[in-house]
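Given below, in the form of structure tokens, are the structures.
What follows is a pair of complexes built around subunit A, which joins subunit B in one and subunit C in the other.
Up next, the complex of A and B:
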């Protein structure tokens, strides 16, 4: 049981990080960013290149992932999403654009980083072993702590800074925020950059554990969407809860149901369908959006 | 992006395009060979190593004046189609090959794709070389598929026998991804292990193909404390993570797979934890690789920035096609002639030292010669490179 809890906390923290950026972008712009997984992959590859290949200290490589993705996110918002949102009232326009960006980024990743699985040296050696009741490598513990710290820092930024207040205002009511003097265009770009940066950050963190490869983008996006749907689309706390719930469901399912084959995700999807049928707005979302 | 720079890759792409472009204006007629396989998505590494092996060999042949079959010297052009690991796309790819008048195709890479293209290939006179293991593809009445590698039901028993004798292995556990190829390989492995007298202590743990953290997956397997952990049909992307998780969970037994792996990927993903990992490879270990193999590796590296050890096996299919056509030039447009030639075909294996031969095998497994005689080279990973554990022959 202790091992299940430890695995659940670890998986939940990394999943929550992945979902945060996605839900932030949705909250600010009503955009389902299908390219979120690809941004996560690019973040992993940037850290791989700086830390794994060029020997740059890990923290600096992580910063480079964040900066790269923030710039990429800002450019995507300014030159792609912003014009489409202004020019089309149809929501599917941004969905198609996001899907197109995902395919494009996949192609770029293949061209620049190749088809192989990549990994980096461990940032911490050794394994924590509590009498075989909990076995957890130290690097996973460290990454879990860093993920939790990042989530706390993000919440702090959103709650206590001028930028955070502007972003929250934008998420609550775009028109009202504009009337109150919030520069909507500027903060939309900042918000998208922040969401992309979170994808880059978690990609950079997790490349030390899971490695990274070209094909991770799509499945990562799907998982992120599941977490957001569980927690409630566009709600920060919902994304965190969604991540934690999915992490624990996965840990419990893999530990207790393995003898029945790979039915963990089958049950998770069934549970999600039933849950959404009862509560379509998710745990923390509001029925009116 | 390590040695592979964007510029280098772009130059390689331009070079490949240029080869195709110049082929049209070269003096030699062009012989088109197809490739239908997965070159995008999570399994891209499998197909890309195929495609790049073919493109490297074709560029090499063209650079040295072409390939003579009968009285004609041809430039070789590789026509590729990404099936995205989707059987419907694989059918579309094979239909494209038929429309282009291509009679010889390498791929597809996976079981369902290989099965899906069979009617198209047989009705359009196309011989194809899949990397898929279902016996029905190669047993009569099937006629046009030729297994391009060693199947798990051929390599698995050889590895288990070796480990039973040399390492005293008595118990085994199997872990597989939850999709058709790995699951069928797991079932074949379980059957073979039981037939050899091994005790199978775990064979029902599976994982989603997109799993990135295998610690929760492997925790129940580790409780069974097997002497041997078999990663059935494991992809190169998942192998390092599985090995790493198993070792970090305290597993000290032997880990093996029947699929080809890449030493660089293992080194990056698992480091020293991958030492002792057993996999099936081709002919690139120093004691086996011929000068031609070494040149192939060098040319591949020059062309694409980085070699892929999976190509040690995948270098063979194009060579088999061309050498068989050379043995019977009428087969260029007549696959019946090709099939007749397969029964007696034999040529020197340019990629291995010694007197190894290219020939078709498969009588034992399929009742007809529908498999290339790729050497069954079982490797063990040690400190960043593969070392040859033993070499065996299929059939």
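Up next, the complex of A and C:
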């Protein structure tokens, strides 16, 4: 049981980070970012290149992942999303753009990094063993702690800095924020860059454990959508709860039902649909977000 | 005639001429027989996309058409292989079954709106794929293969539909069948959009509360529309299974559901024939770019991004300008 809980915390902290970036972008621009999973994969590959291939210290490689994705996110927002949002009759057109970007990033990943599964050397060796009740490699514990630390840092940024305040204002009411003197265009770009950066950071963290490959993008996006739905779209605390809940459900389901294969996911999906039918806005979302 | 302008009639006439006579002539002249399969696929995907377009018409983003296409494909395959039905009866049965499932699922989930509905339909595709893997009747990951070709139908000894298995050129037969079903689908869609129900749908697309407050039974209409939409999905899926002669849980996945939605977006959400054009451009374009090998995806996605960047309201918006026709 302790082992299952520990796995749940570990999965949940990673998932929460992925969901945070997605929900941030959604809250700011009402864009369902289909390319989120691909951004995560790129983050993983950047860390792999710097840390695994060129021997740069891990922390520096992580920073490189963040910087790359932040720049990429900012460019995508400025030159693609912003003009399309301005020019389209229906907001949903951005979904086509997001899907196009997802295809594009997939193609770029395929050309630059190839389709092989890539892994990097462990950052810390050894396994934590508590009486055979909890067995967990040290690197997983470290990554889990780093993930929790980044989530705390992100919340701090959103709550206590001027940028964070502007972003929250933007998420609440775009027009009102503009009238209060928030530079909407600039902060949309910063917000998108921040969301993409979070995806890159998780990618960089997880490459040390699960490795990274081209096919991970799509499934990651779907999982992130689910977490956002559980918690409520566009709500930051909701994304964290969604991540933790999905992490625990997976950990428990895989432990109890491992002999039935994919039944765990079927159960998770079905219970999610029932949950949403009863509470459409998720745990903490505004109705009809 | 029937309230159509002569311009419209000429347009429809040219279109019918092109797909029934023009295309076979061109393919015969160039010898690209593989295009039959591509164009048949386009026609079938366009049927399913028409359903997605219809849900857009009541203001819902539907990323779950892959689920209904998969349901349709399985129902038809099981009826033909295990129950020994004729394919031509299993085809509407598959559509109806998909529609019934849509009503049952739609009752709770159609209350959702915006991204919530979009994401739950996305999850629905996963649910159906995983269910197909888990159920015994669908044969799990092995799927159902060796589905016989559609048999002939005759009434009182007069053959109405020929036996596909006895035919030399099944490609051409499937092409015509798919095109006829596609034309019927779009005719039905056009009729529906220009009917009283279509007006009610437009009122819902703009503002559901307002529509409801002036007496539109929105709960009823959205179920009906979702059922029709899924009927198209089931129809397209069943036909696809019959052409491929096999169905697997991976026949229709999340990516397919997303593609159905993209077809509608690309063609333009404001135009009945938008999804048809969108499907043609997306699917045929992908096929044509095959010659670029490993750069296929890169070029394809770049074109997609450029189109949406400069024509955010869909391809058909060039012709009609802003606002435009429906």
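The rule is short, and it goes like this: the second predicted complex is superposed on the first by the 284 of 289 C-alpha atoms of A that agree within 3 Å, B and C clash if a C-alpha of one lies under 4 Å from a C-alpha of the other, contacts with A are read in each partner's own complex, and residues count from 1 in each chain.
By definition in this document, contacts are C-beta pairs under 8 Å (C-beta built on N, C-alpha and C of every residue); 3 or more make two chains touch, one makes a residue touch a chain.
Note that the structure is predicted; figures quoted are calculated from it, not measured.
K.L.:
Quick one: is A:225 in contact with subunit B, with subunit C, with both, or with neither? Answer first, second, both or neither.
P.N.:
After superposing on A, A:225 lies in contact with subunit C but is clear of subunit B.
K.L.:
Quick one: is A:262 in contact with subunit B, with subunit C, with both, or with neither? Answer first, second, both or neither.
P.N.:
both
K.L.:
After the superposition on A, what does A:210 contact: first (subunit B), second (subunit C), both or neither?
P.N.:
A:210 sits against subunit B, while subunit C stays out of touch.
K.L.:
Check whether A:176 is in contact with subunit B, with subunit C, with both or with neither, and answer first, second, both or neither.
P.N.:
A:176 contacts neither subunit B nor subunit C.
K.L.:
Quick one: is A:5 in contact with subunit B, with subunit C, with both, or with neither? Answer first, second, both or neither.
P.N.:
In the superposed model, A:5 contacts neither subunit B nor subunit C.
K.L.:
Check whether A:277 is in contact with subunit B, with subunit C, with both or with neither, and answer first, second, both or neither.
P.N.:
After superposition on chain A, A:277 lies in contact with subunit C alone.
K.L.:
Once chain A of both complexes is superposed, is A:60 in touch with subunit B (first), subunit C (second), both, or neither?
P.N.:
Neither partner.
K.L.:
Once chain A of both complexes is superposed, is A:152 in touch with subunit B (first), subunit C (second), both, or neither?
P.N.:
neither
K.L.:
Tell me which partner A:121 touches in the superposition: subunit B (first), subunit C (second), both or neither.
P.N.:
first
K.L.:
Which subunit A residues come up in both lists, the one for subunit B and the one for subunit C?
P.N.:
106, 110-111, 218, 261-262, 265
K.L.:
Would you tell me which residues of subunit C are touching subunit A in their complex?
P.N.:
Residues 56, 61, 108-109, 111-116, 118-120, 122-124, 126-127, 130-131, 133-134, 254-255, 258, 261-262, 265-266, 269-270, 294-295, 297-298, 300-302, 304-305, 308-309, 312-313, 322 of subunit C touch subunit A in their complex.
K.L.:
Any idea which subunit A residues touch subunit B in the complex?
P.N.:
Residue positions touching the partner: 3, 7, 10-11, 14, 45, 49, 52-53, 106, 110-122, 127, 129, 132, 135-137, 140, 206, 209-211, 213-216, 218-220, 250-251, 254-255, 258-262, 265.
K.L.:
Would you mind writing out the residues of subunit A in touch with subunit C in their complex?
P.N.:
It is residues 26, 32, 34, 80, 83-84, 87-90, 92-93, 95-97, 99-101, 103-104, 106-108, 110-111, 218, 222, 225-226, 228-229, 233, 261-263, 265-266, 269-270, 272-274, 276-277, 280-282, 288-289 of subunit A that touch subunit C.
K.L.:
Within the complex, which stretch of subunit B touches subunit A?
P.N.:
Result: residues 1-2, 4, 6, 9-10, 13, 39-45, 48-49, 178, 204-208, 210, 212-213, 215-217, 219-220, 236-238, 240-241, 248-250, 262, 264-265, 268-271, 305-306, 308 of subunit B touch subunit A.
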